[in-house]
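In structure tokens below, several structures.
Heads up, the next two complexes both have chain A, just with different partners, chain B and then chain C.
Now for the complex of A and B:
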């Protein structure tokens, strides 16, 4: 079992344990890169052995749906199982699918999550594009320099139709776009309008700025124009930048609501908005509230 | 290489090839069944063992039925390899 599979399985088992759910009605996963280590092993072998003597295990485990499949195997779960691979909106696609399944009455309790890993080769290749900072910084979000920090993570949730004893937050809405020409301020404003929420009603805004001076300007504009620079926190200083990092933001928001975490001595957040825009191509919004 | 050394090497290679984390070579008996009981290997692992034989010992299995006999235990695998090597000399 490669590292990413262990990460995914461990996160999924934690989520199921916390929700006291032995068997989900569906498993929906999002990943941009899939199981990179096994893909790397399979492709390297393919080159080294001239396309002969290929290891079947590396091939099987290199597929993007391996984590969702492994969780199902361990649970003996034969229910709906799907994996979405849509680059920077992979996790959003998984969440939307889970939301549809619940709304259409196909499932009541769904295991939803995302996985993405860094491996040596992927880090080397992505570094060539100048995406990562060349020097270490312990103040990632205020570095003022180009580049960000490489990230990875496995995050799983149990989405339920009804409020359960262990429910920690309510996902009011989610919205995702791809390469839209619309201004971020308009997208966020419309999202809030659709949910009958005013900016003043939001206790905390979690933004996806990643410390890269080239893209942080976008978030700074949103922060100043829409929220007046108040009640804002970042999250990529904890998990780094990766295509499915919004799942980490959602986890962080849910935990803040659950534990009543106070920000800057203000009241505990009851309503949290998440805005992430991976590579400024995949804007996504989540609205979470206490339940 | 005598049979004892070969079996030791095979155990190391099986653990590495099949990524049997947590399994130590000394916990695999020479005559323990590799499939179902014993190590509890499955059909995908059988393919991995075929790749192992071909890659490390340049031995190609001619038919699937031969595999059942060869992969019964580490001992039968060692016998098969030694027999093949003797024919090559």
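Now for the complex of A and C:
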């Protein structure tokens, strides 16, 4: 079993255990790059051995739906299983599918997650585009220089139609856009209006700053225009930059709300807005509240 | 929530034709698309027949006015999606329009070229060839070409990928999220998939014989297929209201093995049964099944057994059009969805080519000659690695 499968399966099992859900009604996964290590291994051997003497193992595990499939296999889950592979909105597509399954009445408790891995060759190739820089994680955000740090991770959630005793938070809404001409301020403003939420009602805003000067400027401008005086935090200093990192932000927001409930502190966030815009092409928004 | 989702247009490119008309003519004339490998450069060139699209990358690029470093998967996708839109006659820019594509190889055809140079020395390899490696990148080339932005995404569940994109489109339309969706999938032939399937020893060195007792495996193919799915409201406003709707669908998982199907086709059974339930139909209502029918020992026994168990006593005519197009992987669900729509529209059941010997384990045989028949409900099956099983049902809508 390759590393990405282990990461994905581990995160999925933890989410199911946490939700005390033995069998989900659906498994929906998002991944931008898929199983890179297995793809790389098969491709490397194919080139090195000129298409001869290949073993099928890495090919079998190279398909993008391997993680979702392995989770189903381990659970013996015959239910709905789908995988989305759309760059910076792969996780968002998985979340939208889950939401739509619930609305259609096809599922009530859904395992939703995302997974992406870094491998040596992908890091080398992506580095050639000039996207990464050397940095320390705690000095990454707003460093004022070009480039970010590569990240990876597996994040899974259990989404339920109904509020359960153990429910951590309520996902009020999610929205994602593709190469929109609209300004970020306009998108966020509309999103809040649609949800009848004023900026004043939001306790915390999680932004996708990634340490790249141009990218940080985008988020900082939005923050300046819309969120003056609000509590703002980044998250990519923890997980790095990768196409499905918004799942990490959602996990972080859910944990903050859960922790706040436990310590019952008035200053703990009860309503959190997440704004991430991978490569400034895939703006996505999440609104989460305590339940 | 009971609102129907109509099929307003179809588009296709495959080894048996560069558009819908050519595909239909080949299906009627029983002209299969397999032959010796011409375009794909592989050491298995003379050993493994494939079903290649006749147009070269240069032809496709000049037709579409796209630069020539673009992945073949994106070129095929763009040709078929454009045809589907023009076939529908809909001005997609008037509506909230989505593009939901599917692919299993994405831009791998170009990555292979890049990788050979990259492996020799890491500063080598033209980055232009790897920039569209991701599956989503291939979708975006087409979406941008079509000017679709309201919703764009990509599904990848191996060989069932594009069946999933089609029902997602239907769900999002039913729920009022979108009015029009161009949905389907694409895959080009690559050395990666050819060698992958070859190591699994499921490629036929002759032309494949799906659902035959002596079947030896599959032939790989390439192509793209797209449907334009529209809401009731969009359908009402069309010059001629579409007569075919997507009435049922289901995605289930075999949960048996990463690549092999369970012997009794549990996932296949659940997918077909679920699609019937969604459509509110009984097994006896199905007039034709376009099989997944790859021609591998494992798929055909699993799918055959599942049909035997579900349709007992009411076996509809069945055939695998992969005997024409080869197995087009991520595109196959959509290509066969287009054929299913054509089957209803034209009143035709397409033959299963090269069938000779009845399979011992199942009590029915595929259709071997073109049949003219009025069809009301057609089922299309797509099954893939990872146990992913999806079935779609297309129905003629009365009134």
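Observations on the structure shown:
The working rule: the second predicted complex is superposed on the first by the 279 of 291 C-alpha atoms of A that agree within 3 Å, B and C clash if a C-alpha of one lies under 4 Å from a C-alpha of the other, contacts with A are read in each partner's own complex, and residues count from 1 in each chain.
What we mean here is this: contacts are C-beta pairs under 8 Å (C-beta built on N, C-alpha and C of every residue); 3 or more make two chains touch, one makes a residue touch a chain.
The model shown is predicted, which means the values in this text are computed figures rather than measured ones.
Partners chain B and chain C fit side by side in the overlay (superposition on chain A).
Ranked by how many residues of chain A each touches, chain B and chain C are led by C. The superposition of the two structures on chain A yields an angle of 60 degrees at the Cα centre of chain A, opening toward chain B and chain C, reported in steps of 10. Within the superposed three-chain model, A:47 lies in touch with chain C and out of touch with chain B [touch as defined at top].
By the document's definition of touching, of the two partners only chain C reaches A:103; chain B does not. Of the two partner chains placed around the shared chain by superposition, chain B is the only one that A:1 touches, whereas chain C remains out of contact. Using the contact criterion defined above for the overlaid structures, shared-chain residue A:60 touches chain B and also reaches chain C. With chain A fitted onto itself, chain B and chain C come no nearer than 6 Å, counting C-alpha atoms only.
On chain A, the patch touched by chain B and the patch touched by chain C overlap at residues 54-56, 60.
Residue ranges of chain A in contact with chain C, taken from their complex: 27, 32-34, 39, 42-44, 46-48, 50-52, 54-56, 59-66, 68-70, 72-73, 75-87, 89-90, 93, 97, 100-101, 103-104, 121, 124-125, 128-129, 178-180. Of all residues in chain B, only 17-19, 21, 44-45, 47-48, 51, 54-55 touch chain A in the complex they form. On the side of chain A, the complex with chain B involves touching residues 1, 49, 53-57, 60. Against chain A, in their complex, chain C makes its touches with residues 1, 42-44, 103-104, 106, 111-112, 115-116, 118-119, 122-123, 125, 127, 130, 134-137, 139-140, 143-144, 149-158, 164, 168, 171-172, 174-175, 177, 191-192, 195-196, 198-200, 251-259, 266-267, 270, 384-388.
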